[in-house]
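Next come two complexes, and both contain chain A; in the first it sits with chain B, in the second with chain C.
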Partner chain A sequence: MGALAIKNVTKTFGDTQILKGINIDIESGEFLILVGPSGCGKSTLMNIIAGLESPTTGEVCIADRAVTNVAPKDRDIAMVFQSYALYPTMTVRQNIAFGLETRGIAKAEQNEIIARVAKMLQMDHLLERKPAALSGGQRQRVAMGRALARNPKLFLFDEPLSNLDAKLRVEMRVEIKQLHQRLKTTIVYVTHDQIEAMTLGDKIAVMKDGVIQQFGRPQDIYENPANLFVASFIGSPSMNFIPCHLIEHDGELGVSLQGMASPYFISLAGRPNLRARLGEKITLGIRPEQLDVAEAQSSALECKVKITEPTGPDTMVYTEVNGVEVIARVHPRLVPPTGQSIKLVLDMKKVVLFDPVTESRI
Partner chain B sequence: MNQERFWRGLVYAALVFAALYYLIPLYVMLTTSVKDMEEIRTGNLLSFPQNIGFAAWGKAWSSACTGVSCDGLSGYFLNSVKMVIPAVLISTTLGAINGYVLSKWRFPGSNIVFAMILFGVFMPFQVLLLPMAQTLGWLGIASTTTGLVFVHVVCGLASTTLFFRNYYVGIPDELIKAARLDGAGFWRIFWRIIIPMSTPIIMVTLIWQFTNIWNDFLFGVVFSAGDSQPITVGLNNMANTSTNVKEYNVDMAAALIAALPTIAVYVFCGKYFVKGLSAGAVKG
Partner chain C sequence: MTMPVRTAQYGFAERWLPRLVLAPSFVLTLVFLYGFIVWNGYLSFTTSRMLPNYEWAGLAQYITLFDNERWWVAVRNLVIFAVLFIGGAMGIGVVLAILLDQKIRFEGAIRTIYLYPMALSFIVTGTAWKWILNPGLGIEKLMHDWGFTQFTFDWLVNSEMSIYTVVLAGLWQSSGFVMALFLAGLRGVDDSIIKAAQIDGASLPRIYWKIVLPALRPVVFSTLMVLSHIAIKSFDLIMALTGGGPGYSSDLPATFMYSMAFTRGQMGVGAASAMMMLMAVAAIVVPYLYSELRKDGNG
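Now for the complex of A and B:
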């Protein structure tokens, strides 16, 4: 069953088009992430799903029901806000009860629901407190509890973790994921943090300038980015982009990489649609973990270690190839001292190619 | 170190002087009002009263002459109470609703509407006198307490709207969105979410409006007659009614009676006033 369908939604404010034709379709129980840099339109799209703003054109369906002209309260949705938006003059109990009360749920049933939610989120001891007396994490929890109490068809999360400190953010991330697995409700989650997007989502919609750049499963997006923007936005540290010329060498198409020593030719034989671009510029994309330290004797790309950043399990090695900075993620034991050379090999199965002009995938 | 103490001392001296400067008139009024005429005639303006008596207060309240009638200020005081309570409550309520709409339910052109309302804050009320007299005539409430309430509500709206609007701008919009998703509408959000958060600004507005309306003389003298005149007009009439002797003690007592309610409001609600003003300043 379709839980949420967004069909050709556009949104225009005055002369600026915020959303330029958005299409999204997810199944019941899926966790959809809307991710993108600020100003990409993800929050506007969220508001349109919630019914807090109406689309200029297009249609929104929730649980196979067209809701484009339905008021927010009748859409059977609940939302968790970035600022939590807890009612400051009410206790936690009243905060949760407010939505139930406006829907005319009897007092006894309200108490039952509050008790269930409080137990689920382990916040029984907070019920009589006011929001001002809660920590950031507790407020976050209450905001989620308020949304859960309504038992809606669709949960909307608008950057819910961005006001928390790093440690709490990771904890709450796991908690949200557990909650989703337990309740199996459909969730739409807006974030600008690509790690949240990768870790939480069943499906990710990467947005930029009011357009969905790519829509798919996290691993697909990570391995097969549709264009330069998606490739650079998803993954940390970011994918390396090396400017090259497509050349022919011993009858094979390929590119030449210049580290600190002689140029190193890598073959791109077997990739379709390249012959026509012979002699043109292309951008070679490779993620830091797809660069590895070469075995002693084999031919490899030799470059100079400029900076090393140990992260514990891996060390980031900053080098320079074809005049741009390239980061390799290697095992700490294999890292030479700064200033010396390192021999790298590329995982050619994973390398992706982009057209430097259109920025799309080749 | 010594120099610092010297300057500090100088600052305190200046402050004490300023405080005295403003307190002396109050002292003179209070002491004069409890003296009898004999003592006023023979004594010094600043001397402490020898025989404290409240005869002048009683006379000012119930038997001093204001023009032809000699019933004191009690009737005028009651008129003012009958005028100030509805006028303050209505203008504050409407200001709160206006501010709520102009900050949280913006509509196309709402900024222009706000700018026009703001204009009312800076308009000298004298320019209103003639058109307002005309309007009151049309409405059939000229020279009545209802008419005065109407005038004060209309003229107070600009500032009450400004106060509430600026306070509400500081309340996050997400709160309204959350309440809308919770199923609450315009009025439920207003009563259940917004009003409970508004105590400081309500206090500010109440004090502000009470003081302005109670102390108003211009509208009182222009738009009321006979049995609807407020206390400021009564006080003026009393001070201007010439009898053979000028009874300073009665005049002083009358002025104090007229000023008491606003003083009381400041004494009891002053802390909210300061709190509310600073809360508004931080958020707005």
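Now for the complex of A and C:
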């Protein structure tokens, strides 16, 4: 059953087009992430799903029902906001009860629901407090409780973790994921944080300038980015982009990489659609963990270690290839001292190629 | 060796400059505010008539005051005026503020129009409304000229209704101000709270009544303070609009005090009525200040 379908939705404010034809389809129980830099239109899209704004053209369906012209309260959704949006003069209990009351649920049933939600989120002891007397994490919990109490078809989370400190953010992230697995609800989650997107989502829609750049499973997006933007946005540290010329060497197509020693040729034989680009510029994309320290005897790309950043399990080695900074993620035991040379090999199966002009994948 | 001397001089200036700067206003306040309050208090226990004298009369002036029917008219008028003026200005101001908060176009221009009466003094407001409400000049004449000859609107010259014209002019003057205060408060309410309540299924009136206005309690209190002291000290509006008339039917305590002390040669009674007004104001302000200061002490 389709939980949420967005069909050709556009949104225009005055002369600026915020959304340029959005299409998304998710199944019931899926966790959809809308991710992108600020100004990409993800919050506008969220508001359109919630019914707080109406699309200029296009259609929104929730649970196989067209709701484009249905008021927010009749869409059977619940929303968690970045600022929590708790009602400041009401206690936690009243905050949760408010939505139930407006829907005419009997007092006894209200209390039952509140007790269930409070138990689920471990906030029984907070019920009689006002929002001002709660910490950021507790407020977040209450906001989620308020959403859960209604048991809607669709949950909307609008950057819910952005106001929390780093440690709490990780904890709440896990908690949201557990909650989703336990309740099997459909969730749409807006964030600008690619780590949240990767860790939480069943499906990710990467947005930029009002267009979905790529829509798919997190691992697919990570391994097969559709264009330069997606490749650079997803993953931390970011993918390395090395400018190269496509050349022919001993009858094989490939590129030449210049570290600190002589140029190192890598073959791109077997990749389709390359022959026509012989002699042109291409961008070679490789993630830091796809660069590894070479075995002593093999031929490899020799570069100079400029900076090392130990993170514990791995060390980030900053070097320079073809005049741009390249980061390699290597085992701490294999890192030479700063200023010395390091021999790197590339995991050629994972390397992706981009057209430097159109920025799309080759 | 000159260092200690210079430090001493600097220290002297640093210690005394703030006190010197504050001294004139401090002295002026002490003499012209608190000094005159005390003097007035003393006068209310003397036999002063045209000019102040210091012959002790005990509570005689207060007894005269409480036997004076005109005083009780003034007090009754103050109650009517205060209730209608404060309640009306709050009601109209809140409704206007909520309507203006709906992200409408030309909001800036509309806000200025509503706020503009506040820029006029009560004298101008009173004079303008005196002409508008004058049966021979204003609305009544206009309706007669248009052919509605049965139309009467004579509140200004009707001793039963004259106090309500004061309410009318006061509302016109102050509602925009209340609106501005509440609009500022509404702008401070997080937008997503309203969105959350919409998704929760609440209607717009319910959202404002149950969620937004309770959050504006501090604004409500400061507005109440401002309006109630405007109401109690109202003087210029009455003088310009009705002059307290017809007869003394639209007197307020302030105009009563003025005519007793300065036109009717009853300075002792005037002083006594002024003390009663002071106590009325104190009865409102002192508990308010007490609760506010105590809150600061705790917070």
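Here is the rule we go by: the second predicted complex is superposed on the first by the 362 of 362 C-alpha atoms of A that agree within 3 Å, B and C clash if a C-alpha of one lies under 4 Å from a C-alpha of the other, contacts with A are read in each partner's own complex, and residues count from 1 in each chain.
Criterion: contacts are C-beta pairs under 8 Å (C-beta built on N, C-alpha and C of every residue); 3 or more make two chains touch, one makes a residue touch a chain.
Quick caveat, the model's predicted, so the values are computed rather than measured.
> Quick one: chain B and chain C on chain A, clash or fit?
With chain A as the common anchor, chain B and chain C collide in the superposed model.
> Once the shared chain is lined up, is A:Gly2 touching chain B (first), chain C (second), both, or neither of them?
Neither chain B nor chain C is touched by A:Gly2.
> Just checking: does A:Ile77 make contact with chain B only, chain C only, both, or neither of them? Give me first, second, both or neither.
both
> Touching A:Pro237 in the superposition: chain B (first), chain C (second), both, neither?
A:Pro237 sits against neither chain B nor chain C.
> Same chain A residues contacting chain B and chain C, which ones?
50, 52, 72-73, 77-79, 81-83, 85, 87-90, 98-99, 102-103, 146
> Going by the contact rule set out above, which residues of chain A touch chain B in the complex?
The touching residues are 47, 50, 52, 72-73, 77-79, 81-83, 85, 87-90, 98-99, 102-103, 146.
> Going by the contact rule set out above, which residues of chain C touch chain A in the complex?
Residue list for chain C touching chain A: 190, 192-193, 195-202, 206, 210-211, 214-215, 217.
> Which of the residues in chain A come into contact with chain C in the complex?
Of all residues in chain A, those touching chain C are 50, 52, 71-73, 77-79, 81-83, 85-90, 98-99, 102-103, 146, 150, 158.
> Would you tell me which residues of chain B are touching chain A in their complex?
So the residues of chain B touching chain A come out as 172, 174-175, 177-184, 188, 192-193, 196-197.
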